[in-house]
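Chains: A, B, C, D, E and F, in written order; residue numbering restarts at 1 for each.
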Amino acid sequence: MRPSGRNLDEMRDVSIETGVTKHAEGSCMIRVGDTHVLCTATIEDRVPPFIKGSGLGWVTAEYGMLPRSTTSRMRREATAGKQGGRTVEIQRLIGRSLRAGVDRVALGERQITVDCDVIQADGGTRCASITGGWVALRMAVNALMKAGDVISDPLVSPVAAVSCGMYAGQPVLDLDYAEDSEAGVDGNFILRGDGRLIEVQMSAEGATFSRSELDRLVELAEKGVGELVAAQQAALA
Amino acid sequence: MRPSGRNLDEMRDVSIETGVTKHAEGSCMIRVGDTHVLCTATIEDRVPPFIKGSGLGWVTAEYGMLPRSTTSRMRREATAGKQGGRTVEIQRLIGRSLRAGVDRVALGERQITVDCDVIQADGGTRCASITGGWVALRMAVNALMKAGDVISDPLVSPVAAVSCGMYAGQPVLDLDYAEDSEAGVDGNFILRGDGRLIEVQMSAEGATFSRSELDRLVELAEKGVGELVAAQQAALA
Amino acid sequence: MRPSGRNLDEMRDVSIETGVTKHAEGSCMIRVGDTHVLCTATIEDRVPPFIKGSGLGWVTAEYGMLPRSTTSRMRREATAGKQGGRTVEIQRLIGRSLRAGVDRVALGERQITVDCDVIQADGGTRCASITGGWVALRMAVNALMKAGDVISDPLVSPVAAVSCGMYAGQPVLDLDYAEDSEAGVDGNFILRGDGRLIEVQMSAEGATFSRSELDRLVELAEKGVGELVAAQQAALA
Amino acid sequence: MRPSGRNLDEMRDVSIETGVTKHAEGSCMIRVGDTHVLCTATIEDRVPPFIKGSGLGWVTAEYGMLPRSTTSRMRREATAGKQGGRTVEIQRLIGRSLRAGVDRVALGERQITVDCDVIQADGGTRCASITGGWVALRMAVNALMKAGDVISDPLVSPVAAVSCGMYAGQPVLDLDYAEDSEAGVDGNFILRGDGRLIEVQMSAEGATFSRSELDRLVELAEKGVGELVAAQQAALA
Amino acid sequence: MRPSGRNLDEMRDVSIETGVTKHAEGSCMIRVGDTHVLCTATIEDRVPPFIKGSGLGWVTAEYGMLPRSTTSRMRREATAGKQGGRTVEIQRLIGRSLRAGVDRVALGERQITVDCDVIQADGGTRCASITGGWVALRMAVNALMKAGDVISDPLVSPVAAVSCGMYAGQPVLDLDYAEDSEAGVDGNFILRGDGRLIEVQMSAEGATFSRSELDRLVELAEKGVGELVAAQQAALA
Amino acid sequence: MRPSGRNLDEMRDVSIETGVTKHAEGSCMIRVGDTHVLCTATIEDRVPPFIKGSGLGWVTAEYGMLPRSTTSRMRREATAGKQGGRTVEIQRLIGRSLRAGVDRVALGERQITVDCDVIQADGGTRCASITGGWVALRMAVNALMKAGDVISDPLVSPVAAVSCGMYAGQPVLDLDYAEDSEAGVDGNFILRGDGRLIEVQMSAEGATFSRSELDRLVELAEKGVGELVAAQQAALA
């Protein structure tokens, strides 16, 4: 029933390749099917003004799409003169999600910026950014620990994300672009490796959903995140 | 346990005053406790370029806060030179939510813009905007139907929204500012009057939540939206 | 002769309701006929850089119109990306006018920002903003004096403003929108309660005026401001 | 008593040199004492959208200051990313003032843009811009009439402007920078050659003024404009 | 003498991998040493307004750097709100250079946009962008020809670019970042495969150069471009 | 053969008038044929952050065109909301070129800003800006030396610039607008008075050039700069 022939509860192939740029403290290319996102983590000694002197650390994220990561060319946001509303919404989500797995006291007063740049898009770029972003973050934190700058591991639990939605009347896992553009209801689930929920975003455009459908979507997400966390661990091993 | 002395499943007082500006096709002042939002609906014959000639209508929203709607004065977005990320995210949510209750074929090729301007803020402004915005939208559509410009009612079902969250370890309904600023998990539920879910947004900042807590939050939202829909009907009667 | 049936030297009904928002140090809703402006005053301890350390205070103003305060919907300035020329011109006028009634030494090194947001417009919004803005300013200064933060009253004299113009060849007082859009000459007079002139702005678009007409317009303004000052005192009593 | 040694009712030396750039349809360099403004007039066949098809013409103006036209270097508005509030206010004034001397039916559906760029500033730049701008406009209109594109002269009467203010307690004519920066009350009078008033702008910063002082300021302005109109005629002869 | 141990006239290793994204009509990843640039070519039927209806085609380019392509993280231009001067200068150069190898009549009235996004930077990104951009352009044109949309080959000759400069007093070929940041004189040479010069840009920051040094730099460039053109042909084979 | 009747190696008439504004520390109006540029130099005690505390000075430049300096009116960059790419590119070139003649240690920790504003354009405005800008810089430095603020002359050698290009198949010196708009290859040469090259920019739009043509263009530039340096010295004498 799905355009890709996948089962309703089947993820696309996931690969995570680490160390893809020489400058960043952590980096990976995550590929979820044809969605490819380059994630880098940068450590800086400064923190945002609102926590200066608090001893707490900060993790933030930025998101971008290359102009031709999409079927037809998108306008470059730098030429448009600002980040669009969608971009801002996504990068706030990535930062918030990653922070939910961070002990900010243990991190100490420093900032890690996770940049997620979409090289090729085929649906689910924000989820891939979170999942890959966590790998880059993990690598940067490992470097801090190895250097002795951080003693106690500030990463409480892995963080990963997957999209779910109602496609052709059925709850399905990990929508690709062909499904996403047809789905009347779709959303993102961000979970920790320990099964705790960080964020649930289900939204309807042209349809609505029932309580029982919501329940099924949560189950699918739990399955998908389990597989993503396994892929994260394999990549880092 | 709650700062306001309310029960865990108790809404603040809700009042909706219609017809508050003489120029708009629909308008109301919604007051949910100390949160006051002025909602207006404007009918225009033009539609966005991407649906021109399709025969379909469009409903969109814009959101703003008066500089001193908050405890300390906020910078005016017009002087900042752009709408912040939070504003853009909220107004996209309002528009998307209202459209989930609209039959765009029945509306015909015209646009209704719902403006939600926060006069006084005490938590839950985006939810009040959706609930009040639907009342303004209803009034504007009524005017179109009375004038014979629209024959079949395009409003399928009322739309209302309420916030829920984990406060002091407990799921609570309709967070005010004192609760919202302390809650580690909070979110918004947008439902239709017929009980169908439009949007679920639960997000954690500094905490996470379990499957069973999510279930309880959905129940609270269903109760709250029921009361809001009743208030909408009373105001329009 | 006037569309509203008023005499040439007759003001619209004026009402000033104080204490309309719970957060601001001073606030009122001023209604001059169908022109409704929400005015708030915010006290801050900082002052602009150019007077830092001088011991002098500062009073400034910002002005905005809600998108549907007008007959047809105006574009929101925050989405346009900047305040228009008219807005900037008006808020500079409001600030300058209010400062002409302030003893900045007595105020001490603090800033009061007066926000004037037009809820409904029917001509004369900048004049209503000044008249209502002074009431909000008076309330904020009263609070400072009551708290003992300011000893000697920094408000030298009330400040109020009224528009005048040539309508159908006659000098008239307090133009509403119907008159304003037809008047070839119109302008604003800002005066203090003691009769001293603060600002005279008469400008022609499509007509000109003589010395003797200017004299008559000044007389009308003096009458109007007298009535507005009485309304201010009544609201504050 | 005046820093320059001038009498209270004495203008600075005025010179107007025409034809200073080869590209513009009309141009002059006006020098009022040490204030030098380059004015050019550009004829275009297009008009602003709001009068398209009306048969009416339009005259508009833009104003700028070279970065080092002032005592200390000003930031270039193009690098600041926008025109400041003062610039926008001034160019609206120039355009409005020039239009008050134009028969827009006779001009026909075309636009004339008058650019006023301050080469050297010493007070009174907006008045010099209006006076010099009218000369450039006159030259451009003369070219249209000579070419037969315009039959009946659209320029009803010359337009000129002068500043007046209270300096050291005395009403004085044509303030230079040394006076302007000390004056508690100052303003601009724009008049036509036939003595009709176009615009009166008196404003106080740190002082106020009486009815009788206003009367004296108007008299001074009438004297000054008389002399400026003579200088315009001489330059065009 | 060179930090990398290369000879004065020795290029870094060059590799060009084609077909790296599935959406673009042409794409490659060019690697010149540690400088990696992703180049894509997009075909669109529209052309810029200034050539509409002329029958001529257009080739343009945009350039960007990922935030962590550099040693320390750069601010994302989309958040800065505009492309910096360096970016604009570079993308104009790329577009202009590529057009010098294009027969715009043969291309027909369509536009090809070449996007060059730097994944990892180590000096010479603009030159790599031109060399890789031409490969993407060649692939897109091949697609047009294969489809029969273009009959006669519009690509007159390959285009490639290399940097040269004075390092430690010696003319050297293909500066990497370590050399570039020390060079008092450096620049870029863009040539066609047939040896014709398209652009010469030599500029000094902190040093100057003689006629004979300029002559030697041109010779080095000719050698380097020869090798780059060979790499282009190999990649496309 | 040239539209102006000049020989292939003949410059336009050059005049440099110094002291044209009373506020700037150095100023001149340079006229190269019908290209007229007003250049001013401003001394400030502050330096850019990246050299604060280094003891080194800085020379920078800004460039602008008056709206009607051109045949048809250009949009004012301040209203467009930013400097165009061409402007930024030019002002970076001017600053870089002037710095190549400056001993920044001798200048001491201060900044000189050279503003170049085009009053009338007829080709070659960036070259005229550099040549005239150096004269303004020389005057400002002379003032510093006269005041004893600078002891050793920081200006190593005069800096001047000229354009060259291929017009009708021939290398020509100092292109005017009529030539510039037809030339398939053109560029700018910036040299010091001692014959050292600072910058070579040859670029093709619609043509290419050979090694031997490049050689001839350099010779023309050397001749032109020699004459410009003589004009600089005469103006300053």
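Quick note on the criterion: a contact is a pair of C-beta atoms (placed from the backbone, for glycine too) under 8 Å apart; a residue touches a chain by one contact, two chains touch by 3 or more.
According to UniProt, the chain labels map to these proteins: A, B, C, D, E, F = Ribonuclease PH.
These figures come from a predicted structure and were not determined experimentally.
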item	value
Lowest number of touching-chain links that must be crossed from subunit D (Ribonuclease PH) to subunit E (Ribonuclease PH)	2
Same or different residue numbers at the subunit A (Ribonuclease PH)/subunit E (Ribonuclease PH) copy interface, by half rule	same
Taking each chain's C-alpha mean as its centre, the one farthest from subunit A (Ribonuclease PH)	D
Subunit D (Ribonuclease PH) and subunit F (Ribonuclease PH), separation of their C-alpha mean positions in angstrom	33
Distance between chain centroids, defined by C-alpha means - subunit C (Ribonuclease PH), subunit E (Ribonuclease PH) (Å)	59
Approximate Å spacing (C-alpha centroids) for the pair subunit E (Ribonuclease PH), subunit F (Ribonuclease PH)	28
Sites on subunit F (Ribonuclease PH) at which at least two other chains make contact	82
Chain ring listed from subunit C (Ribonuclease PH), with subunit D (Ribonuclease PH) in second place	C, D, F, E, A, B
In the complex with subunit C (Ribonuclease PH), residue positions of subunit D (Ribonuclease PH) that touch it	82, 85, 88-89, 92, 96, 99-100, 187, 192, 195-211, 214, 218
Footprint of subunit E (Ribonuclease PH) on subunit A (Ribonuclease PH) - complex, ascending	21-24, 27, 34, 38, 40, 42, 44, 62, 64, 66-73, 76-83, 87, 113, 115, 117, 119-120
